[in-house]
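Once you scroll down, you'll see the structures, which are given as structure tokens.
In what comes next, subunit A is part of two complexes: it sits with subunit B in the first one and with subunit C in the second one.
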Partner chain A sequence: MRKTRLWLLVALAILSLILAGTSMAQKEKKAAAPAAKAAAKNVVIGFTASQTGKFNVEATRQIHGLSLWMDQVNAAGGVKLPDGSAVKFTAKFYDDESKKERVQELYTKLINEDKADFLISPYSSGLADASAVIAQQYKRIMITCGAASDSTYKKGYTLVYQTYTPASRYLNGALDLLSKMDPKAKTIAIVHEKDKFSTDVVNALKTYAESKGYKVALFEGYEPGTTDFAPFINKIPAGVDAIMGGGHFADTSTFAKQLYEKGFKTKMVALLVAPPEDKFAELGDAAYGIIGPSQWEPQVKYGPEGAKAMGIEYFGISVADFTKEYTAKFKEPPTYHSAGGYVAGLLLEKAIATAGSTDTEKVKAALDKMDIMTFYGRIKFDTEKSHGLQIGHDMVDIQWQRDEKKNLVKQVVWPEAAATAKPVFYHAK
Partner chain B sequence: MLDQVLSSLSDGIVLGFVYGLAAMGLSLIWGVMTVINLAHGPVIALGMFGTYLFFTQAGMNPYLAILLVAVLGLLFGFVMYGVAVHRVLNAPHLSTLLATFAINMILIGIGTAVFSTSPHNVDFSMGSLDAGPITIPLTRLIAALGAVLVTVFLYSFLYFTRPGKAIRAVANNREAAELMGIPSAAVLALSFGLGTMLAAVAGGLIATFFPFTILSGGPYELKSFVICVLGGLGNPLGALLGGLILGGLEGLVPAFMPVSWVPVVEFGLFVLVLVVRPTGLFGAK
Partner chain C sequence: MKTRLRFGYLLPLAIILVWGVWVLLKGEDTLRETTFTVFMFIGMASSLNILLGYTGYVSFGHIVFFGLGGYFGFYLVSQHNLALIPASLAGGALSGALAGLLGLAVLRLRGAYFALATIGINEAARAFVSNFGPFGGATGLFVQFSAYEAYGGAGPALWTTFIYLWLVTLVVLLASSLVKSSRFGLGLMAIREDEDAAMVMGVKAPRAKTIAFMISAFFPGMIGTLYFFKNGNVEPGDAFQLHMSIEALVMIMLGGMGTVFGPMLGAVTYQGLRGYLLTSPIFKSLHLAVSGVFLLVIILFIPAGVVGWIRHRIPLTRKLLE
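Up next is the complex of A and B:
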């Protein structure tokens, strides 16, 4: 017995020696890596993707957009620097399972083990907010996409930049549209998901509505994952002029369906996130007349002429080319999530080109000064109180209408300059 | 105010029937073999997807599809029982819990891979029934009716047929039942199959009025636990009444306070029943 124990001890000692040896060898390898990288000018872009869990649809589109950008920029020979070298990009990513806890752990790993030079955020405000802390802590520039919440940029971060129009401006356009469609409208009901993003949106909407003289007759939140909206619909006072709110895809489409089934009568229904999705049309009649704010739609008309009129530079791919190449590669038309992923990469490309370097400080200075037009719209960041907040980009509002063949089609109805059709009132049966 | 209470209450109660049906499946398995089936939620979701697939791919009427889903649910229950539950039935409770949790994870994993987590929708509408302040979509009324029918079927099966009586005998005392010549393994497999079938049918009915994802079974699983405690185990009528109470509460509470208080009231009741009447309000044992 004692003899076997002795042998066990010896074996353990040998094993621990071997392990220590290999880990040292690994450390040496790692130390040698950055030097080799600098010569090749290969930049690692790190991010997590929600390949599983509740965000997998939107996150996948975002990653598709980003990968399309990366393929294109690398195929074009990368970003040329003043010293004659070219910067090429490699992606390094993990699945975050749509969970906050995983995000922080994985971003730390991306920075420390995978030596990511720049970071792209995961999809959704909650996950992006969790990842931004890590980016700032380890002094890496992060471009957030799929994340509209304002609050992330009020925490004093200096290296986090937003591509989406912030939540505080999300539904304001729909309210402007309502006052245009019916100047006599005066009450709205707000029913929203109780997550970070939707709460930010509706709080700002409430303030905006009240400042415009509207009465908010109901203001109530529902838990993420809610499937039965009857209790909320029953609480909406009869005769409200508009119902606004919603949250993410699943809950918002359910809400729209049940509003229709209940035969609720109102003039406008404007909901978050779900309406711009093509899948929303599966709701059939329940989708008709629903309005939704979108970051981007394939119909938008951003181009070099518009940029010239505004006195800013147009950078990168055209709207038509982006739509064409994305559709060819992924066999589905791009959504605003896809455009967000693409533009996140495009911004980095532009900033590195302007800075003429991949140095964090220099790229940061280029981002701070950036004011450009892209296929996705204008990009400009707040550099004062809410550093990194997107202040250049504007939303468009879409509405589901019927074409001559009675098929449901998505039309841009706001702002008027970008509109592809006239808005119609919401008809419930 | 009265209008709101009436419409909320009717909505809640109609939904309560379906909650009851979902809980019946859990209650049966729990009552007969003291197995807490953690795969209950995903099975409900599979019932939803089964109905969805028959409806969209084969163009079948959803209610006809639910009949097929019921048969498939029964068979799936047998398989699940044979593969994962039977072997660990006599092991400590934690083993069956872990086994069914494993099935839960596997089903969700496969479901996510096949269907992704984006919501699916059985685009089927039959219009609504209007009666004063109350508007109830017909699909929900039919679902409630379906739930009542299934309860009647299950009740008569358990109380008036030989296999049903065998199930009750095994639930009461497995060893004694075996001594009387009842093949307990077959009876247990049958109960598990029936429980799974009930969950799948409930899922199918829910799919006719709520959009769903592979994760949608979760909330119903949770509600089923509360209903099992409210209604008592192994009693289909108890589960149905428990479902009605829960549905009624869900309708009534939001009329008077923010909707987020509903779980507080629900789970408060859950604890209260556990303290005052641990066998449930309509407990069989």
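Up next is the complex of A and C:
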């Protein structure tokens, strides 16, 4: 009697395990069915969003940008195809918690269960890299945004397209600006965070600087999470013409602050990621004169005239309208993360319109040939060795300056064509 | 070491065996991915349990073996084109050897001091890797997409990786059962209850602890290699995430430490719950809060873990659940 009861228990346990598994699988299938049915006119765009975790702020802006695009294109009746039908878009997404662990699992689910036709990458190079494997494997086109690393495009993918200017060109503009401001400048010091993105950027910067005849007097990395930069600042040789580097928001802001407090004399300080953020102004005097590369700023002047001069087509919303509508909808001005999210959708829209189809091969061909101007800047992809790498878009460099009322304001200082103010030299305390 | 595996030891093995076969038969990619995550954590929790559950030493450094072993295995795959199985074995071997060396040094510490030392090891390993040239430094390593060609393309490569992971999970559970049912395991449990008394009774505590540490470190190295291969890239930040060590601890506590079945159950429950909440339309914005409340309730009311609680309440199950 006892034994039978035991075995019954075991059998029950195993049975419930299997049942739980199958019922879950069935539920997922049921949920996916309507999307598949409507696929003729409705295109599903799948992505993961970092709704929680360390990328939450940037990723949310990116998703806001994307959803603004989707609302607009759907409200305008979708993308018209030559056969008379219109393509409308729906978004399907999950939270990736800013961690790599589940990214591949979730993208596999998006493709197989939710029948996503096109994919947008998660925010950050690391997560985008993990998701790109899945996109390529299932032959889905993926537009990456919020991911600047070059290495993703050196792996032989053919369906992954980048919206951001790659890390290898991030700080080159600042160096060009330096040679413009002071043709006699000879030496720079590079102090950077030791993570993938910042290291990629400064390695490329070093090569670029040396090719232009600059001497890199110091090339030093600091661990992520560093809060005391005194040892690094002390190491910078006196008389360098510029200090470049940084990493992410917290460390870069602290670095800028401590540079100012130490009273370091140099002509230019150009740092990654933090300066374009509005919060950077909270540093007060320490923010003045700091230069930072940005993918996009609301002040940029991309427009149909510029496109005409370059002999390429202008597509989509204007800079002013984007800024106005985004601010109206989300109660905050757009940043380059928002613009990146919007333009990712815009590219798909343009490619589907050009291809006249939602077929992956045809859309891919349209993306490969794409060379357009948008509110976000020029878009053109490498189709050779580093397939999908962004080669059209350029960074803008911003600088914190003071207006007539002595308030800190962000001005675009490079490239010259897009500049809203003249650059100033850096002044420490 | 003569061992007799009773039914209770075979049950977890049988479940994982059936589960893996079921996934292979169904052949659904989404199911494979979900199961991959769960198996990975079963392997992590069960291997940690050999040290934590049987020997009673709390280690926050389990992820070091996952990271370093995985890094080494991935390095062999991506830079030297080594096949996945020998590479993951090499990753495991490196982790095991490292644990042997570390064990000689830090296993002399007891209680909170040992736990603290293991946190330090995690930071040291991350700093080492981000400065170590052959491992790509701060930018990490990646495999070319074409590397999957050797496994018949990316799709089959992911299935192959899954099958390897399934086998590794089975071996972890087998090792856990063998250790627990052996004389060596009894020695470990004696150490857990009272280390000095165990030594008086003739258990060679330093040696036994080091061997347990090595066994528990070997498997994360293998799992790490498979996981990074599946991801296609590795960076220092992803390889040494302290939170994964802590999650493994939680899974063991949840299921019942010192049992073979417990860590497995804990991993399945914890990961299953997280995965479900993350994708369920109702909870997907609240998943962290819900899983937090759930864990709190369990730790408040059943501190011995699910398996410990069942064994205590229903004497019949004591033979069934080990």
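Operating definition for what follows: the second predicted complex is superposed on the first by the 396 of 429 C-alpha atoms of A that agree within 3 Å, B and C clash if a C-alpha of one lies under 4 Å from a C-alpha of the other, contacts with A are read in each partner's own complex, and residues count from 1 in each chain.
Keep in mind that, in the parts below, contacts are C-beta pairs under 8 Å (C-beta built on N, C-alpha and C of every residue); 3 or more make two chains touch, one makes a residue touch a chain.
On a predicted model such as this, the values are computed, not experimentally measured, just so you know.
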*Sticking to the clash and touch definitions up top, decide whether subunit B and subunit C on subunit A clash or fit.*
fit
*Report, please, how wide the angle is at the C-alpha centre of subunit A between subunit B and subunit C, in steps of 10 degrees.*
50
_Which partner chains sit in contact with A:179 here, subunit B, subunit C, both or neither? Use first/second/both/neither._
neither
*Thinking of the overlay built on chain A, is A:250 touched by subunit B (first), by subunit C (second), by both, or by neither?*
first
*asked:* Tell me the contact category for A:282 with respect to subunit B and subunit C: first, second, both or neither.
replied: first
*For A:221, is the partner it touches subunit B (first), subunit C (second), both, or none of the two (neither)?*
both
*Quick one: name whichever of subunit B and subunit C touches more residues of subunit A.*
C
*Looking at the overlay, what does A:231 touch: subunit B (first), subunit C (second), both, or neither?*
first
_Tell me the contact category for A:263 with respect to subunit B and subunit C: first, second, both or neither._
first
*When the two structures are overlaid on chain A, which partner does A:194 contact: first (subunit B), second (subunit C), both, or neither?*
both
*Considering only touches as defined above, state whether A:57 meets subunit B (first), subunit C (second), both or neither.*
first
*Once the shared chain is lined up, is A:85 touching subunit B (first), subunit C (second), both, or neither of them?*
neither
*Tell me, in angstrom, the smallest C-alpha to C-alpha distance between subunit B and subunit C in the overlaid model?*
5
*Go through subunit A and flag every residue that touches subunit B in one model and subunit C in the other.*
52, 194, 221, 223
*Enumerate the contact residues on subunit A facing subunit B in the complex.*
52-57, 194, 220-223, 225, 227-228, 230-232, 234-235, 249-250, 253-254, 257, 261-263, 279, 282-285
*Which residues of subunit B touch subunit A in their complex?*
4, 7-8, 11-12, 15, 112, 116-119, 121, 123, 125, 128, 130, 135, 137, 209-213, 215-216, 218-219, 250-251, 253-255, 258-260, 262
*asked:* For the complex, give me every residue of subunit C touching subunit A.
replied: 11, 15, 18, 22, 26, 28-34, 36-37, 127, 130-131, 137-140, 142-146, 148, 153-155, 158, 230-233, 235-238, 241, 244, 275-276, 278-279, 284-285, 287-288, 316-317, 319-320
*For the subunit A and subunit C complex, residues of the former touching the latter*: 2, 5-6, 9-10, 14, 17-18, 21, 24-25, 28, 51-52, 94-95, 97, 99-102, 104-106, 108-109, 111-113, 126, 129-130, 132-133, 136-138, 151, 155-157, 194-196, 198-200, 203, 221, 223-224
